[in-house]
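Two complexes come next, and they have one chain in common, subunit A, joined by subunit B in the first and subunit C in the second.
What follows is the complex of A and B.
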């Protein structure tokens, strides 16, 4: 092997990692095409084009909106993916997200003594802390009391939902008429010039801006931080080791109870950040509605994490992809197709990613076997007994 | 005194509507997990089962009504649940894939499929599937007239309640007293050992997952019929709650019954407290009442889970070469 191939080797590894996802996406789209054909064959080709061009159909505004919708998906994806990496199933991102959102909005509305340029930072950090506290509960139950984290998370989702409804109704952030929280424009995340890039120029010179804001950059930054923590720190290594084998980690001197609690806290903080980033969005960002429905982003996070193979960098792309194709579903309504087809396609992609992973493993195993055989053959060559090369 | 008795009767009658679907679905999950396959797709299977059977009722109710229609709809629910769970079985048994992946895919697919299909086949693209409830039994003949027990168990009820209890009895018998049950449990604890004794692990696990599909599909219908007059592509998280009941019940049928009854009773109190005179007077806001079932479950779990242990091989794809 000559020098300079290290880069190509790395590139090859990355493309081999991405390949199964691409195959799964292709099969998922083909599946969607079949459904388009069944429901209305005359427009199916246009429909497929519309899905494939996703958010780009809306020009720069559409592209910006993809980034806007991807922000919470990346965050909940990171939350679930991080827990997966440490051997835990965080199905409680919904509750953690809601807790974070409530705490962020509460501080934004009440801590007006904080200088305004700093306010959103404080609110976002509060949201992360609240999420971490809410994530810590299943962590404590699992680590200390051996309660399965899935059941504790499901219970915490509902306790969080009704608890936040109660707290909203009994605090000064409740807008009684609209049955939701008050607007907090003064604590909005800055746009950092992203709206200058992602807008459509109208004929009149009016800028039709997308909803994109600095949140997407924060989400990407947090993903990179998580990648670093998981792959480059002792702390991350310990958490992962606990996920692989609790008993072995304890034997190796890792405090496995503490690791479980920390993992759930970090996962909770990431989901809490998702809540902060949704509700601190600029210009009349959304408000928490007092309803009895769990935040759907918590469950989409599972899909995003699985598509991104729980790798923080992969999750950036899978979050962007899910937001992109969902925007395609939004535009698909122009052709009289139902947008639910996008969920069907995403479900198909996730299902087929299981197949694709299998194919990849088969290829990897075959590759290992071949290189092992090569080595044997090389040894044989050294022994000056040439074998047929053409047979391989 | 009679006031108190009326309250208790009301609570118990309501409790069945919450507990029985949880019981049926959790028992389904039990068959799957005891065979070694984690099934988080229970929610999605419930949605598909409820959708297909409610659609069946919607289409057939002009020519049929009453218990006959409901029984046929239950068969439809179970059949659609089995077909849908085949996807999970194939991915997790044949392909040995991560069982969370296909479960999540099924959960995502089910509501989208229900909404999409309903809007395509119904006029005006309505996504709710309406049905007329002709299934309530005011009082079971003879049994309903028994003092005390009659009102508690046999009045204002549905045939589904008794089928749920029957399923519990059959499931307990099958799991502990039949050859199939023993093999199922072996495959969930140590599949290699079962294989070495000539048990076909693939077949047993397929049976486990398909049974869970049938029961979860049925549970979807059983959940919707007493509580609503239309199906709107959701079972309100009951599939996940059934998963919780399954873990709460520590993968054992009778404990699952206790967990389902406990949770159902708490849920009834939470939703019907305003009709109970001695609770109405207490200064507790409604949000807190709604929180109680979940909070109580968590607290009970804190005291009972110290030695809780999932089936050892549950979630692990079967590898013949493994140890």
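What follows is the complex of A and C.
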């Protein structure tokens, strides 16, 4: 077989893999359009255009901002997706993210003896370690006591939230006036020239830069690493085996308890990295506000993972898409849509997009039916189409 | 593979003589990707026992499912007493007097026998159950047909054989005339099988008609009047049982001659003990009683030692303890001279213990992994398959390719086929290939041929015997007496967690084993 056909076959497989996600996105957009129609039918078409053109509305700056907002989404998506691949539902990304963020900021503010160019690296690694530790708790419960990880994760989200609030208030990183953490510009992730690409040139010669920074490259790098861990290593082979069939893994001599704990730790580390990448962003990056709201990126990560069908490479794109759509929603305000409606529309689109898995199953079933029917028609001359029955 | 030479199905008469109580004519049933029944016809006379013979996957159960209303056929017609009928669901079947004993009984375990029998057709008065009338009828029925069952016993307390009688009573209570038995003997002891055969004859002498699904030729010879043979979804033909030999029927079923006697060289004496079990006691979490009670035995090199017994007498727990999946309460296990009682599963595997598990879907395979990934399930971590933690896919592919070729494992897309989409026989072949090719010292094979067709059984038996001849010690755990008798060198019988007999493989008979298995005799040999 020549190389060319092999390439096209591979291409065909990839496009078949992406198809469910694209269909899901289309359904999501259609649903968003319905809400637009209901809330203000006169501007609905413009609104849909606005959403669809998404981040590009803001020119290069807007595009850069899409990358900036996509960074934590890719990370939490990876966190959830990795857990999915190993048979676990990590709904605790929020808590892990917050723990990572706190640890990162704490080190950034206090470990000033570390040379400046290295500081952000140390902070990011600390954030990942903190996330891993926080993820390990549900892992331990699941592995050793067979407590379902969803319950443990949800509890850890709230313990994490209030714990971090408490720790911030009682540490030197608390900015009492603003009720948030202090700024840590000295530990910012470098921009690596991305701001040179993603900015809008103003008439006065002023560069209106986007918030994009090196974080997006780190996120993509980590996604590629996760892809290799899952698909190329014995470690990934073990973790996936445990996810698919815990009994068979035990029978094969895999330490399934250890695998579950490791899976949750890695998922936690990825969510922790999300926290690090958000709060170590340059130019007065955001600070953790002391309030009683779980980090929304943790839950968006579930949608991102589902839309990307838990494939790390797919998650890069689904993370970008969700950020892109959210930016589009931001610009909807120009058409006088109320912010609440915009939130609903964006949430609906993301929610429906997460149906990619369902669409994938539907496509698979339809494919099986079609091949069965073709087989039948091949050897039955009379064209009576018998009714199909989905029984197994 | 479609050249069916003896295809007589097309010759079914267009106008049925009224002697047939049920006719299924030209039935075709498709499942996604597979045609389970292809133009199959079957005619059941009133008062006869009609066997439906075929290998696993030949379409027997599907055909009966169509008759019982579980599936609806794409083509074909069902007639009762010469009149065309439509059966959409089991209730329709019931109305037409068709009843079925499923392979896995459909009983409520914490209900009594009587409650199970009346379930769904209770006699009530003003919403209140009237059990007395039902009790009288059930008692009368069981006397009429010689089915001795205590109506007030709970299902969980009675034997499998008794549970089957409850299923039969359920059909009788519903006044069913056509009784379908789906592999009814699979779970019974030889004595219970004899009883069942008697009951079946009783039923037909009282005017009932029986359809009897099986792949065991002895039983057909014993009770059936006629026999319809299916192969690969097609009807091979119907024969009068009295005029056909076992060999003829098996050839119809498999499509080629089958060797009943497995060629086996006598065991080489003087093999060293390879697996030694001393005073092993295993207690499961849910049962107070020990499931394995103070069991000791040794398997020698070059020997097939078989543990025979009825399902649920501690075989599974014994094997789990040997394989490291369940910690024993007391006792010691040695592999050669090394004690492995406290070793992990991985340590045992690497020390030379292979294990063909009882449940190939639960333990044997990761169904969502490809065939190749499943073939390296136990040695992916060994040098040669990995380097610095990275899987070496080229080596994996070489190895998988070799096993697939050696063991003739068939699948749609070769080694990339998901294990889930493979047939049961090929899944089992994959497991056997994996376990034997690890070059173990001891091979534990639990029900290695469960649910497989005659061809595959023959093949797997030959492989196990070949492993023995190479000097491996084989511990075979089996519920099939035929299997036990045909390939064992030595037989231990387990009853309620204890070894009750130690017999020579060549001298044992099914009757003798049956007595031990039912616990009615205890040997002194241990």
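Remarks
Just so it is clear, the second predicted complex is superposed on the first by the 334 of 392 C-alpha atoms of A that agree within 3 Å, B and C clash if a C-alpha of one lies under 4 Å from a C-alpha of the other, contacts with A are read in each partner's own complex, and residues count from 1 in each chain.
We take it that a contact is a pair of C-beta atoms (placed from the backbone, for glycine too) under 8 Å apart; a residue touches a chain by one contact, two chains touch by 3 or more.
Remember, it's a predicted structure, so these values are computed and weren't measured experimentally.
Contacts of A:103 after superposition: neither subunit B nor subunit C is touched. Of the two partner chains, subunit C is the only one that A:244 touches; subunit B does not reach it.
In the superposition on chain A, A:235 makes contact with subunit C only, while subunit B stays out of contact range. Looking at the superposition, the partner that touches the larger set of subunit A residues, subunit B or subunit C, turns out to be B. In the superposed model, A:320 makes contact with neither subunit B nor subunit C. Touch criterion met: A:303 reaches subunit B, while subunit C stays clear of it. Within the superposed three-chain model, A:93 lies out of touch with both subunit B and subunit C [touch as defined at top].
Subunit A meets subunit B in the complex at residues 35, 39, 89, 91, 141, 145-148, 150-152, 154-156, 158-159, 162-163, 165-166, 169-170, 292, 294, 299, 302-303, 306, 338, 340-344, 346-348, 350-351, 353-355, 357-358. For subunit C in complex with subunit A, the touching residues are 30-35, 70-72, 74-75, 323, 325, 344-350, 355, 357, 362-369, 373, 377-378, 380-381, 385-386, 389-391. Looking at the complex, you find that subunit A touches subunit C at residues 232-235, 237, 240-241, 244-245, 247-255, 365, 368-369, 371-372, 375-376, 386-387, 389-392. Considering their complex, residues 40, 87, 91, 95-98, 100-102, 104-109, 111-113, 115-116, 119-120, 125, 237, 240-241, 243-244, 247-248, 285, 287-288, 290-291, 293-295, 297-298, 301-302, 305-308, 310 of subunit B touch subunit A.
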